[in-house]
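Letters A, B, C and D name the chains as they come in the text, with residue numbers starting at 1 for each one.
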Amino acid sequence: MIRYLTAGESHGVGYTLIIDGFPAGFKIDFNHLQSFLNKRQNFFGRSTRSCWEENLFRILSGVSEGVTTGAPLSFFIENNSKSQKKPFKDHLKTPRPGHADLAGMLKFDHKNVELVWERASGRETVVRTLCGALSLQFLKEFEIDSLSHVTNIGGVKTPPSKNTFSSLKNALSSSNLLCSDSEIEELMKEKIKSAEKEKTSLGGIFELRMTHLPIGLGSYTQWDQKLDALIAHDLMSIQGIKGVQFGIGFLYGETPGHQAHDEIISTTQRKTNNAGGIEGGMTNGEEIIVSCTVKPPATLLKPLSSIDVDTQEKTKAFVSRSDVCFVPSAAVVGEAVLGIQILNAFLKKFGGDSLSQTKKHYETYCKQIK
Amino acid sequence: MIRYLTAGESHGVGYTLIIDGFPAGFKIDFNHLQSFLNKRQNFFGRSTRSCWEENLFRILSGVSEGVTTGAPLSFFIENNSKSQKKPFKDHLKTPRPGHADLAGMLKFDHKNVELVWERASGRETVVRTLCGALSLQFLKEFEIDSLSHVTNIGGVKTPPSKNTFSSLKNALSSSNLLCSDSEIEELMKEKIKSAEKEKTSLGGIFELRMTHLPIGLGSYTQWDQKLDALIAHDLMSIQGIKGVQFGIGFLYGETPGHQAHDEIISTTQRKTNNAGGIEGGMTNGEEIIVSCTVKPPATLLKPLSSIDVDTQEKTKAFVSRSDVCFVPSAAVVGEAVLGIQILNAFLKKFGGDSLSQTKKHYETYCKQIK
Amino acid sequence: MIRYLTAGESHGVGYTLIIDGFPAGFKIDFNHLQSFLNKRQNFFGRSTRSCWEENLFRILSGVSEGVTTGAPLSFFIENNSKSQKKPFKDHLKTPRPGHADLAGMLKFDHKNVELVWERASGRETVVRTLCGALSLQFLKEFEIDSLSHVTNIGGVKTPPSKNTFSSLKNALSSSNLLCSDSEIEELMKEKIKSAEKEKTSLGGIFELRMTHLPIGLGSYTQWDQKLDALIAHDLMSIQGIKGVQFGIGFLYGETPGHQAHDEIISTTQRKTNNAGGIEGGMTNGEEIIVSCTVKPPATLLKPLSSIDVDTQEKTKAFVSRSDVCFVPSAAVVGEAVLGIQILNAFLKKFGGDSLSQTKKHYETYCKQIK
Amino acid sequence: MIRYLTAGESHGVGYTLIIDGFPAGFKIDFNHLQSFLNKRQNFFGRSTRSCWEENLFRILSGVSEGVTTGAPLSFFIENNSKSQKKPFKDHLKTPRPGHADLAGMLKFDHKNVELVWERASGRETVVRTLCGALSLQFLKEFEIDSLSHVTNIGGVKTPPSKNTFSSLKNALSSSNLLCSDSEIEELMKEKIKSAEKEKTSLGGIFELRMTHLPIGLGSYTQWDQKLDALIAHDLMSIQGIKGVQFGIGFLYGETPGHQAHDEIISTTQRKTNNAGGIEGGMTNGEEIIVSCTVKPPATLLKPLSSIDVDTQEKTKAFVSRSDVCFVPSAAVVGEAVLGIQILNAFLKKFGGDSLSQTKKHYETYCKQIK
């Protein structure tokens, strides 16, 4: 099983990641890791920092000639020197609504906001994304593939997708908002531009898909082992995520049973996939489909009402450089953390200390269920 | 910190629960526990089993004269003798769409469906509810209160609530669908009756609220410590839940930042509560508001297409007694498991091996943040 | 992976055990479980309770026709009605040296000793033994075998054993002190009898052995994954254990390197086994040999000095029925908990949700390392 | 609660440490950390690497102006450039008896020994020591103090100590073998010199002491929460440790009950401390006294018999630079990891997100038990 911890602050020296339990004998494709990280970065609507910050990672342990050894992997991503210059001279006392600022100050006895936001920042997801990209690489050895795409920005929505996994993946390749529909994408960009003008920010919704999963990852046998619960935890832990749903999600509320459930055609095939690939806390062989809602960034150029925590007087929240919209970035992070949880479920079921061992175990199961 | 495990099967001898880590010195109100369990049981739309099954629990350890000792608590709820008679003579081979049946059989090499559904059954939540009811009792010592209510059954919805916590709680007292609006409730009942006639089933949505929480439960400092993530895990682990959202949830997708975030009036007061009481993975002092979507029961009297797992031939899924709708029950379970997670967050922050110790610790914090 | 929690008190209604994560498809030999429990019970030197207490267990969940289903197993062992009568009328205020009594009262704000000792009692090991006996049964499917024997009671010691595993096992079959040397056993009994006369108690040392283990259980890669550390934890957690050592243990202190280490003859064979089968936190294919020291029972008929916790006045500790010596029982418990940890290490390495899956995975590894 | 993971290899770029859960508001004394690390390093009998390796650490996150923020702490210790040159040109195929080499190769499918020993190396303890030194610093805020000393090297032993904590600490200040008796120390050095000449290595025994602990850390209520079990795990996880005992440890085997147990004089005072400060899995207010046996280093200049793993032919184990004896270093590491576990037990009992909160909670307990 994978365990991982992250450390680092938004304007500190950088971010550290330790991944424990990754199987041995896996040749890492470092170019793919870097391009996955870059993918998280450069979307329309992100702040200027995403332009100058390169997110070059350095691997510090756990490999020999690019192949994992079973030892813990560790990575360091240095913050750009420009980022390391903290943007504020005076300590900030005016917490932002929608952010960890105020609760964090009280919780830890902090006297200013920076001591909170430095760690609460969404920039921390850069190393989680790295961990997830690596997990997804490993899963590729078992032909498991994934994608993420944006279905709603500020109310501009794509119609419910009837695309197959591969056609959807193709449709995304040219988008810089991770939107599968180029016309809608233009509208989304307009929406973002006008939000920028109005000094506000936008949230949205993204969807993740993962395909070619073996049946029976996760378990119904104990409350905390359900795969959908574990995935929901990990997605909800991403900065800005406020809701998670599988398959048709909240539409289950208005869909009667005979239309809601996915009829069984064969052991490995269903007529529909309303459940989003998970029944009883386990993969059922269909694609995992899970979508998340992302709140708008909390830092606004036209700031909201706040207080000065020292004086308790009413004032405005502090202002800083910020994204107008980070939904596509959150989607990439989501895809990454989904990968980590699926790898974990995979290793729980199949065991193995090296890629070749895990593969052999996996193959005996494939034979069994055929 | 609380740890708990459940065991038991739907038509076995009963359900067992062990709760480890509950503080000493707390006088349990057993009548309240029983009435909380009963509340889960007897809603409109539940199957006949919910009528004859009494859910009388027996406490097996962890108390002396009704007061917790710090030792693990254990409970046993015997299944009614009627329930212990398994309803089927022959082993079932035709898994139901929407249930753990098929994936469970493959995962565990099971040759029939009962070996899966016996454990996957929603009846397991009876002991989780017990654990949660106890947690909520403990939290009452700190004036933390909670409620659950149903906002949608099969598409029949209550309007967005503007009720205060206490007026909402009052409105619920007379409902047997946990619906705060008596007119809507009638429509919901009609909906259920007609679904029953059509031999289908209904899902819905419920909302949980918890009030008077201290600021700073949960943490933003490590990815897996965010309180909203932990709550999402626990709610999504309830049988039938397919989506979880905090505050305005998926509406964040279409609400711009200046309208979305909750302006700060004072350290302990906000203008709105769109965030549902959690910012940066911590309680912010507002009510926790979280809602969940529940899928319709998977067992249908007019069964869906399935296969015979032995012959792979097409057939219909098996049929058994089942609920038409269990949304209100799921809501009660949800309230209970929310209680467990909040108690955990509470004990993480305040420590203490006995109620009186935890109280003293809590009071020093209350002084600090004032 | 196995998780388990125990609950119950020495003079309560009984002990409850939940085991989560046990693979499906394993036919439990209930007679063996019962005889393993009985083995723990009836040794020379135990108190009268061990005669009247039958330790009949009841399985409450997790099996169908005696075969595990993958669902959590739960067991209940009722305390004899004689035991359920608490032996004391007045609340005890005079804690015993050597027991949890005093620290437990302060920790949990308890006003009398019973609230502590009821849970701290060594009787709790009855359900851990059950859990371990089941684990050992499962390991037998992989030809892994174990034994426990007593090497020292109150200073009466067996000479260092040169027995093979099987000859040692034979030598133990007729002993009722788990001693392999019948002459020494007689001396041990004399020692116990005279201790009884002197109203004191005796500790000792036992040794555990486990054979036919695959190489590579446990791991050196992260500090908390070393198998010897995990085993040491579990053994030290047994009531009364004060020391744990592998192989020659504390004699490593005086054995130079060229004599201490076990020369390699082939991949699966060593010249000696000073290390007790574990190198670098992993099994090395040799027998696991681990020994533990057990302190004398803390309840003495000629009681030691204590205080009255209410008045702080000097007095004697309270007196109750107690064992003179429970070293052989502790040995049986030790063998059981060793079984649990090894099963865990096994499942971590090989995965699998059913016995047949785990077996197939195991076989691929056996082929690999040959 | 503290969680920590380490990463890094003996001849890699360096070692990384992430510590999660450390309370906020604690001013780190970096000089003390460095001197604690240095203390681990420079003992008589260590190899030349301990001379050239400086173990300068860099803190990467979790502090602001030297004060902890509640965010995860991360540290990096770069390996000296001399160390980063791997000392061997050809891949090693001849595993050493007494080391992780052989089992590690089989476990992870490794084709050479370096892929194992790089991570299994005792050098990993450098970052655990850092984590422990920080924990001990924090505990100093509560007047908890600790020491480690060597009582046996290769059979040269100090007599059982009757020193008080402070006189023992004084006696150690001038030793470069952590031995409290200067005459014995000279004999130990002679022993080490002659072992070096004979190209062998030496093990030994060390003892740890910790003082001024509150009563009631750890718990008897669940098998895995006993403090002695948790400490035994952590100590046994240190490279080279083969045995752990509390107080008089294996002498309990020959000490009858009336002499073994520590009579109670007052709530906070005992006549003796044979138990080593832990009864029933909890601190009892006396000093924690725990001792460990350390095996001799496995790398010998006159190598032991081994095989070539490729050809299975008999040969000698490979030879490299190594320590003759690292018992004092292991003692320092032991003191450090004891500190981590005690800090954890402390935070479990007292909670608090900042030093000042934890202190307030602690003080309420001190009042209670008085």
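Convention: a residue touches a chain if its C-beta (ideal position, glycine included) is under 8 Å from a C-beta of that chain, and two chains touch if they have at least 3 such contacts.
Values in this document were obtained by computation on a predicted structure and should not be read as measured data.
Student: Determine which of the two chain pairs, C-D or B-C, is joined by the larger number of C-beta pairs in contact.
Tutor: C-D
Student: Over half shared or under half: which fits the residue numbers at the contact of copies chain A and chain B, same or different?
Tutor: Same-residue interface.
Student: At what distance in angstrom does the C-alpha mean of chain D lie from that of chain B?
Tutor: Their C-alpha centroids are separated by 45 Å.
Student: Between chain C and chain D, what distance separates the C-alpha centroids? Give it in angstrom.
Tutor: 26
Student: State, to the nearest whole Å, the distance from the C-alpha centre of chain B to the C-alpha centre of chain C.
Tutor: The computed centroid separation for chain B versus chain C comes out at 38 Å.
Student: Touching at least two other chains at once: which residues of chain D meet that condition?
Tutor: 5-6, 20, 70-72, 107-109, 119, 216, 219, 221-222, 349, 353, 356-357, 368
Student: Using the touch definition from the top, list the residues of chain A that touch chain D in their complex.
Tutor: 3, 5-9, 12-16, 18, 20, 24-25, 60-62, 64, 69-74, 76, 107-110, 114-115, 118-119, 353-354, 356-357
Student: Write out the stretch or stretches of chain B touching chain D in their complex.
Tutor: So the residues of chain B touching chain D come out as 1, 20-21, 70-72, 216, 219, 221-222, 347-353, 356-357, 360-361, 364-365, 368.
Student: Which of the residues in chain C come into contact with chain D in the complex?
Tutor: So the residues of chain C touching chain D come out as 5-6, 95-104, 106-109, 116, 119-120, 124, 128, 152-155, 157, 195, 198-205, 215-216, 219-224, 226, 228-230, 232-237, 242-258, 260-267, 270-271, 275-276, 279-285, 293-298, 300, 302, 304-307, 309, 312, 314, 317, 349, 368-369.
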